[in-house]
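Both of the next two complexes hold chain A, though its partner changes from chain B to chain C.
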Partner chain A sequence: MTMNRLELTQVPIVKKILVSRWLPWSLVALTLPVFVLAILAGLFGTPAGSRNFGIVFVWIVWWALVMLLLVPFAGRLWCAMCPIPAPGEWLQRRALVQPRAGGRLYTLGWKWPKRFNNIWLQNASFLAVALFCVVILTTPLVSALVLAAFALVALAMSLLFERRAFCRYLCPVGGFIGLYSQLAPVEVRVKDHALCATHKNKTCYVGSAAGYGCPWLVFPAALDKNTYCGMCTECFKTCPLDNLALYARPFGADLLTSRGRRLDEAYKAFIMLTCALAYSIVLLGPWSVLKETAYAVGSVEWWVYAASFFAANLAIVPGLFFACAWLARRIARAATSTRELFVAYAYALVPLGLAAWVAFSLSFVLVNSSYAWQVLSDPFGWGWNLFGTADWKWTPYLAGWIPLLQIPILLVGLAAAIALALRAARELRMPQRAALPIVAFCAAFTLAMLWLYV
Partner chain B sequence: MNQTRRVIVIALTALLILVALFIPIPTNASAPQTRTLEVTARQFAFEPATLDIQRGDTVTIHLESLDAAHGLYIDGYAVDLAAEPGKRAQATFVADKEGKFKFRCSVACGALHPFMIGEMNVQPNFPFVRATAVTLIATIGAVVFFWREE
Partner chain C sequence: MKRELFALTIVFLIFVAFPAALFGYQAQRTTTTGARVIALTANAPANGGWQPDAIRVNVGERVRLRIAAPDVVHGFAIPALDIYVDEILPGHVEEIEFVAARAGRYPFACTRWCSVDHWRMRGVIEVIDPGNPDPPLPTIAPPLYQQMNIDIDAPHPAQNVPAQRPSAARGARLDVSVPGDLRAQSPSNVFAELRGDPALKAYSDGQLWDVVAFAWKRASGDPASPGADSALARGSKLFVRDCAACHGETGKGNGPAGRNLPGLAAMQTDSRMAHGAYAKRGPADFTDAAQMLGASDVLLQGKVLRGGMGTGMPEWRTLYSDQDMWDLIGFIRSFVFDYGMSNAK
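Presenting the complex of A and B:
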């Protein structure tokens, strides 16, 4: 897609960094120790979540970093520095920085089964984590076990399957980062497609002495959205024709292509939208029964909660949206199937969903981030005071301002959703009034969020 | 849609939003009262969890804890109480800002502590009324702005 974009790799230093084999290794070298410390603190530290590094640094600091900064402004950049798949990847490569001959991988090299060549498993893994989130967010031990399990599954998958199958198909975090990375104002793309066509060896996909074939199983020349590009920069290293570039671009550019729209991605958008609302109600609302029920895993009430949670995510919210799509079809007297409209319109929920997550996260993060100072000095809650900050008092930052930040953010998300809904109607050759039921859906969702926070 | 029309739509939407944000809303609110609210805290809930008061009221909150040490911090009001079983706490303040203010436990008290949250609604909740109006204006404004000639 040609549009206004700026090639950042024209700046020599940027190019040098991206081509260097020390990236992303050096980023992971920073995050992996933090990750290990988070797991150790969860396993051996205090069971009080707000005093445990494992809870505070993962669910407040890391979460803020990803949801408020990296995803909106840098898309999948987190995935380039993620410690979870790193041990498996290093094992698979039997190398840390410089690749072995020809970028060879030491795995059983199983092909990922075709029927799972989508993000349904990521939808499922996200829902599974989300269902237990009250427990995971508050119990250091459980949180540590979940993180360790991610790393172990990723490791096992590296040994069995080709490349980063875990990230691409299973990681619950990778799914939503991918969805929302479509909004980010940066992209990795090839500069000249014609040049790729002349390049027989396709080293960016198969690997070479300079690096590995795309760990994300993406052929760079075919990239037209950020969703599955992990920004690992291997292709910068393996492309002998210097045909890769990092571009700055307008926010949300990927959502302007209508190609490759799929039901699994649409459901990712529904699940994320629903969970942002559900968490705003359950975690941050004044209804303690909901919190206690969500926490009482295994009780009869919890099963009711679990059933409602799944129903909301998989049936109620998508069902309402389907009704809107059906109405749109009636209004337009369109020949397109309701299902096709349903999927196409769902992409309008991407900016709205991210806005809702940012609004939710602000409320949660600003209030709780001062715990970070305490656990920095006393990660295990054992009474240490490494940096003299262990007894800094809990201070909610900007607490009175949160709604004032949330309102404009939600409105920007709503406006973007409306733009995309109208555009989808035009692309499907329908009159634009066929977008109005979707507009109403998005406005109603925004009002529901506002009602919870303002 | 041509450039001028788009500029007009933006300007008009912005203008209406400003009006919705700042227009004085008449009320026939009753005279401010002095209220005393009894709030109990237990792991992990306040009771009552929703406090309804009127703008201008002078509010005294008595916090009583039924189990561990708990706190009560009101966002935006910077009221912060700490109570222990058998040791009540109280604070008095004038509710001079209207809207919804979450209040939360400010003393780490166990697993669900970060989610031990209640709400104080200082009526009339004009911020919500205004936010709703702004949302509706923005919705219509965005539809008109992004509409292309058919």
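Presenting the complex of A and C:
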């Protein structure tokens, strides 16, 4: 497939930055103090969430940064600057910037179990966090403990397993960032596959004196979508043939390829779609009893909520979509199995899901981001006023504009989903009408979101 | 190697120096402001109530309470130290600074009806004199109803009930004085005494009830100085703050928080209650003349300070001063007696 791409690495300064060993360390050096402060504020600061740096900067500022900017426009760039795996990776390397001993790693180096060589564990870890999100998002102490637990698990996994096993297989955030990074207008790819074939040492994968083998266990020459590329730029440093490039490309380019479609990724799409709707209902809807139930962890009502949450994510929404796929098969009288259609069509949900998450995020990010000024001056809620902004009043930004932003975003997401569903039908050699049940599913979801927000 | 050393220094600064600077700044700030900062979290009782619910400070120590309310709107009061924070909004932090001059135990409480169990939301600040950390417990006189051996749980129906609402204003115009301390007597009994006095034969029942109403209004405070600071105004404020949620703004016992009082359901069905007169009743109806006029102020004081009655009525002894108590009871009388206040029903 040919595609219009612009090689950004032809700009000398871009190239220089990407091959520099200071990247990504310098990015982590920026995010790590924020992460440390978020944990300290959660542990020792005020339990009032809107006055605690740990809540405001993680679940409003960081979330806005990731969901509204980085994922839609820069793919997995966050993974390159994420502070959570950094200490483990530094211990694994026994170095921060310069590679030691030809890229050797100091770890037990266990191979990741083959049966988990997928993102099912990421789906599970995301669902686990999502189930408790009302508590995590509002309770600084719990939020800090969860973040600290992520860092400790990542550290332990770095010492036991090879490379970034935590990021690749377990991180609850990495799963959806990977899924939606397929939409991003940037990609890291090799320039010339034939040149890679001539390179026997494969230093991009095994490492060299210049750097480490791909921490994400990806062979760059085989890279055809962003999902598992953490944009750590290690391959730029280890490739002796200058065969890696950073490209600008059209939005959603990865979704135009039908290769490598998998059930675990399809389920990630369902989970993200369902959670966007569920959060919109529970956190932002007018039914406060739902929010109270989600908060009352351990109560009988909460168990009902938990069972409903899992059922919606794992059975009801995928079940409805499976019924649509079955209907599509019947309409087309296709020989393709329903399961194959189910997986293929699920990728149409990627732009719809991201649009839903952007719409959901806009509704609380713009309303609540003014809390950032207060916690910047008083991160622990201890009465500090470091920058003179502690007393700035809560001010919702662009509140009247939010629905006007949400509507086109959701409609663009729907349009992209319909286009991808029609394309999938063509790829599967089925008539366009075979995509109608999927189109109806996407339209119903969009209408539900619009009803909630407008 | 230089690069590595530089990066290592930065990481060391992030993990060690940065947190140390944060906590060091807080320690230095606390020292220079001269106040001990105590974080207090106000959660509805179902979410844990006050955390901590017991605070120890020293006599003369400057204390800054930083009160956060993560869940719903709360209020804060240490009545004995005259400290009140009217409103702590969810997600906000309110600060208050004080110096406790005398050793003692000072209860504090939430002053907003934050939940059904709001009244459970109490704590205590213990002020210790370092020179005398274990002073003998002060002798506290038993409340009046105990001294006078009054059974506050016994029925107290009024023997006489006025045909219309007695008016203190009309009573003031009549040249009849009511001698003696009214606190130990019920209005019904005082009326009976007046009615039995041959010298007052010319007065109608209604007029004598007006006299009783005026006598009670006069006893509740100085009628010559009404206004925002009068005893009745203070009592009204306390009623609105602490009582209206259950007893209703109009005193009819129909406040929203009184509908699900713990123990109420059991009370409504338990025929073994000591006194049948209380069966099937929730918060008291202060407009019910048949009950209210049969109760002395001392009896009412007993009910307010002890609480209970199987309804979930909280005790107010630890939070109210004697003056608060009498101010409140004086105001409660205004639901039966027309004192010319805006709560006239």
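As a working rule, the second predicted complex is superposed on the first by the 453 of 454 C-alpha atoms of A that agree within 3 Å, B and C clash if a C-alpha of one lies under 4 Å from a C-alpha of the other, contacts with A are read in each partner's own complex, and residues count from 1 in each chain.
To be clear about the criterion, a contact is a pair of C-beta atoms (placed from the backbone, for glycine too) under 8 Å apart; a residue touches a chain by one contact, two chains touch by 3 or more.
Source: prediction; values computed, not measured.
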Superposed partners chain B and chain C on chain A - clash or fit: clash
Touching partner for A:453 - first (chain B), second (chain C), both, neither: first
Partner chain in contact with A:139 - chain B first, chain C second, else both or neither: both
Partner chain in contact with A:303 - chain B first, chain C second, else both or neither: neither
Chain touching more of chain A, residue-wise (chain B, chain C): B
Contacts of A:21 with chain B and chain C, given as first, second, both or neither: second
Chain B versus chain C as contact partner of A:97, first or second or both or neither: second
Which of chain B and chain C A:387 touches, first, second, both or neither: neither
Which of chain B and chain C A:49 touches, first, second, both or neither: both
First, second, both or neither for A:397, with chain B first and chain C second: neither
Which of chain B and chain C A:29 touches, first, second, both or neither: second
Shared contact residues on chain A - chain B and chain C: 47-51, 138-139
Of chain A, residues touching chain C in the complex: 21-22, 25, 29, 32-33, 36-37, 40, 46-51, 90, 95-98, 138-139, 379-384
Complex contacts: residues of chain C adjacent to chain A: 1, 3-4, 7-8, 10-11, 14-15, 18-19, 22, 25-26, 29, 37, 39, 41, 51, 64, 66, 68-70, 90-93, 95
Chain A partner contacts - residues on chain B that touch it in the complex: 44-46, 49-50, 73, 75-78, 97, 99-102, 104, 106, 108, 110-119, 125, 127-128, 131-132, 134-136, 138-139, 142-143, 146-148, 150
Complex interface listing, chain A residues touching chain B: 47-51, 134, 137-139, 283-288, 291-292, 295, 363-364, 367-368, 394, 396, 399-403, 407, 410-411, 414-415, 418-419, 422-423, 426, 431-432, 436, 439, 442-443, 446-447, 450-451, 453-454
